[in-house]
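In the part that follows, the structures are each spelled out as structure tokens.
One chain, chain A, links the two complexes that follow: it is found with chain B in the first and with chain C in the second.
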Partner chain A sequence: MTTPLLDVRDLTVTINRDGHLITALDKVSFSVNPGEVLGIVGESGAGKSITGAAIIDLLVPPLKRTGGTITLAGERLDRLSPKAMRSVRGGRIGFIFQDPMTSLNPVISIGRQLCDTIEAHLKIGGEKTKRKALEWIERVGLPNPEVQFRRYPHQLSGGMRQRIVIALALCANPALVIADEPTTALDVSVQAHILQLMRDLHRESRASMMLITHDLGVIAKMADRVAVLYAGRVAEISTVGELFNAPKHPYTRGLIRATPMPSADGEVRLDQIPGAMPGLGAVPPGCAFNPRCFKAEGDCRAAIPPLTTEESAAFSCFHPLERETA
Partner chain B sequence: MLNYAASRIVQTIIVLLVISFIAFLLVANIGDPLAALLSADATVNERMELIARLGVDQPLGTRFLHFLGNLLQGDFGMSYRTQDPVANLIAERLPATIELAFVSLLITILVGVPAGIYCGVHPNSLFGRFIMLISTAGITLPNFVVGLLLIAVFSVQLGLLPSFGRGTVVDLGFWTTGLLSVSGWRAIILPAATLSTFQVAFIIRMLRTQLMEVGQSEHIRFARARGLSEARIWYVYAIKNTLLPVITMLGLQLGNIIAFSVVTENVFAWPGLGSLFLQSIQAADIPVIAIYLIFVGLVFMIINLIVELLYPLIDARVLRRQS
Partner chain C sequence: MSAQDFLTLNHVSKVYRRNQSLLERLKKTDTGGTKAVSDVSLTVRHGETVGLVGESGCGKSTLARLVSGLMEPTSGEIAFRKDGAGRTPRLQMIFQDPYSSLNGRWTIEDIIAEPIRVHKLRRGRAAIRARVDELLTQVGLSPADAEKYPQEFSGGQRQRICIARALAGEPEFLILDEPTSALDVSVQDQILNLLRDLQKNLALTSLFITHNLSVVRIMADRIGVMYLGELVEEAPSEELFLRPRHPYTRLLIDAAPDMDTSDRSLHPIAGELPNPAFPPSGCRFHTRCPFAKDICRNTAPPQKTAGTGGMFRCHFDLELSNAQAIPPASKARTA
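Take a look at the complex of A and B:
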């Protein structure tokens, strides 16, 4: 078994709301192996983005990391000083933001933003920085790098901006890339291009990736393994093939069945999961999914099921689904 | 960029023409220049001669063109009150006001901008809150109260600074300046500080609000996620987003000080345009008031033009809105 590049154990994030502590992320554990793409899926509010932000200590108050360990290549990130954390951000962990319309500084040129980021991490300067910036503009597939270098974000389309966001996240050659819904804000046709670009860049750099998305289609295309989050807890982690073919957690199966996929005769069948995910602070006792689960029994309401590891997969359920024999 | 500059300049000229026309109507319709300029025992012939010389028998349009022509040649008409050319009256007072305005702008920039940035970057710090408390006073206290307080403390109690006048002025031929002598600088401190009180407080509050808002934005978070230093994030990435409204306000305030520092000039017996304006209103000296009106328009338009020509250097998006 390989040593993971990133290992997250019992990561807990809370919100302090007028003195009441509300748990947003409850003892989340997972790991990312070198060169691997780990997908993180879940509904809105399941804690996907919080997980990403917590790793590089970029939580927006009142969110606060209150427990757990984060280890990157043997180094404890949760114990780093703010200064040391800054060199991790962008340097060893690149972060791709969701909305290219708001994540680029509107009054600073593309070239300047790239050069500043490169200079913050790599010990190069002047012409070399510029050459590297131009190289990255070209690598993310924009024509005429010299022209783009001088342009401002408003002169680029959404897809072009997201390419720049990717260049900004990757330009210091990080070992791990966290992509937080990198295609959600884009047109479907542009989405495909950006995914292809991320795949190509991943193949070239062999950096590990944490791909946060609510889109199982994106997961199927990109990820090696998947962690399913529900109400701030890990429901299931397994390889992509295993997850789609033999989900263990009833929630995972519900999520897969709720994704529109045409069957052989062209019909689209959707099964929705009854009810809605509990909001912050309203998580029921026991398994968070029990009120919506068709397999829920007394023990599900009594205790939180621990994350059980079984071969390459792990799940937190007392009554896991059996492999369906079709 | 050239298109942008040209369109701004054309707009400026059009507005100035409109202001000139309003000022002209003022001169043409209020008061009776014949009564003001003729002696009581003037003959009908003298009267007819003056009418012809002033051109008051001509149609309105012709007279306006004539008025504009005179303006362009530097002939601003005669004051009813002093019988002096208006141009001389204004030229005499202008340097005092302009110098006062620029020194107070300097204070605003040197004090208000750093303090505002500090409050925006550290909104919850003790010192930041202290600055905000002081600035509330700066916003609410009227100018004349601040002036009187400063006089009471620095002139009367401590005897450090003079409470009136410009001190020793040096005549440069086209400009009389108080900024070349120690007494001139001592004299300008209190009135300039009085004028800048409001501006400083205003700029602090504005910069603070702007910076706090920009500090929350996604692009600043992304800059943090890329590991840029806090100094670069605040002093380059965030500040540049707040500059547009700040320089707009500074420009407008500068215009305000030049045009409407009447109260402060009065408190400190500052021989500037404000006091000339006040005297002219009291004497219903229409030609001076009209020219003053045009002058104020000119000052605002020029400052605005400069500010607008600065915009594209700060934020390239301005040019897109044009096309």
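Take a look at the complex of A and C:
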């Protein structure tokens, strides 16, 4: 049993809506081991992005962290002062955002943005900083680093911009990288490049990664372990092979089956989950998935199923699926 | 045009021009422009769903607008089959974003009733209301929803309202521009299943535009693949996936990550999408094609007919039935 690099316990985030407290994240617990890629998957509104933002304390009011602990390599991040947290962000934790259009400053050159980040966290001095920035531009696969250094975000394509965002996230040698939908805004052919780049850099740096996405295909190719979120709660955490081949939670299986994907023999199946995920503040009593679940019984409506750990997997379901004998 | 043909596009092109300066206008110089759609010929037969796939900037949405008549093609012609009275078929569109394509100040009843009123399909309040209720039921909502406003609904329900509105015009032809891209997977399935049922029951002819190959495979009878404004391949759906003839089709199929956790290799397409304003010479795909030879750089490939009735634009007859057909060198290239 290795000590996890990041350990999140009972993380709770609430929204204050005119005095009413609405739970957005409900006691979410997971951990990321050193060098591991943890995928976080779920539909929009499941709380994936809030989880990422809560870890680096970037929640925007009315969202507020109201409980739980976040431990990075033995240090309690949730107890840090805002100032100390600032040096963690971009330093020990790098962040890759979804939209490369809005996560770069449009009026500052690529080179300046990289130098600023490197200088702020590594403090290695002018000439070295620039050399490192150029090195990073090259490492993320942009031609002519000297030219790119002076260019502005609008002069780059979406894929090139996302490469720069990745360079910014990694240039201070973080222990953990949080990537929030890093390829969602990109075309498929570009997406595969960016995933390949992230994989290469991850292998080189051995930093841990939290990969937040709604795309199960990306999860299947990139993650070592996966946490499935549903309505602000963890439905299941499992290794990637286990999750896709023998899911325990009915929602996980529903999600996998709902994704239109040709199977090996070329046939396309399409099984839908009835209904839609409950909105904020409208989570039904008991298991959040019970109105849509084909296995739901009385106990599912009465109590919230606890996260049960079984071998390498954990799931919150009273009636987990049996391993299919097919 | 044969009896079965519902819609034919004949060498359709659309050029977006930038605004010319006064001097340029006086001198009447041709400043060129971005050829968003270039020489596309396509036939849609009666009762058929034709899918169009491609990456952003390939011209698929422009083509949808041309077909819908929202824009005029720069050259070429678009012809619909006319009925006995010389009337062109009724056409409706379903758009990508159900949040911006519904008027937030109108009730659902107003929204769905509008095409009925405009086309004078029903007379009298009661008859229109009855039709609205019927449509709401047909798309899986309840008649009670007619009094509500769009913001009271989720994304999936809004897309159902958009579908009901499109059906209200009793269209013979439907253009669907990325109808499920803004939706979550579990909701996307419900909408796709609904659309499939409607296609079957109403015998609709439609054009289905998407960037998602898996979705188009489920929905379309035939699929056209677009790259930088050109239609590079067109074939019956299963044929296209099992035996693609154009290297771009093969690479596009492989590029989307599937859910197989045992083979975790990624298959990026070499290079980046060129600027559509300055497409490469010769074959437009030659800058990224692992099979490119000299001829591809200089000569635009001819349009070839495949044995199964499909069309492709490539100088070579490549065997691309399985993923191993692509030379591994091009897969390994990441930059």
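The definition used in the following text is that the second predicted complex is superposed on the first by the 324 of 326 C-alpha atoms of A that agree within 3 Å, B and C clash if a C-alpha of one lies under 4 Å from a C-alpha of the other, contacts with A are read in each partner's own complex, and residues count from 1 in each chain.
In this section, a contact is a pair of C-beta atoms (placed from the backbone, for glycine too) under 8 Å apart; a residue touches a chain by one contact, two chains touch by 3 or more.
Note that the structure is predicted; figures quoted are calculated from it, not measured.
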item	value
Clash or fit, chain B versus chain C on superposed chain A	fit
Contacts of A:L255 with chain B and chain C, given as first, second, both or neither	second
First (chain B), second (chain C), both or neither touched by A:D299	neither
If touched residues of chain A are counted for chain B and for chain C, the larger one	C
First (chain B), second (chain C), both or neither touched by A:E43	second
Which of chain B and chain C A:V88 touches, first, second, both or neither	first
Which of chain B and chain C A:I273 touches, first, second, both or neither	second
Chain B versus chain C as contact partner of A:Y152, first or second or both or neither	first
Where chain B and chain C come nearest after superposition, their Cα distance in Å	10
For the chain A and chain B complex, residues of the former touching the latter	56, 58, 60, 86-91, 94-95, 97, 99, 102-108, 116-117, 120-121, 152, 154-155, 165, 168-169, 172
Complex contacts: residues of chain A adjacent to chain C	43-44, 141, 143, 157, 159-160, 187-193, 195-197, 199-200, 214-218, 220-222, 240-241, 244-245, 254-256, 258-262, 266, 268, 270-274, 276-277, 279
Residues of chain B defined as touching chain A within the complex	217-229, 232, 236-237, 240-241, 314-317, 320
Chain C to chain A touching residues, read off their complex	55-56, 154, 156-157, 184-190, 192-193, 211-212, 214-215, 217-218, 238, 241-242, 251-252, 255-262, 264, 266-269, 272-273, 334-335
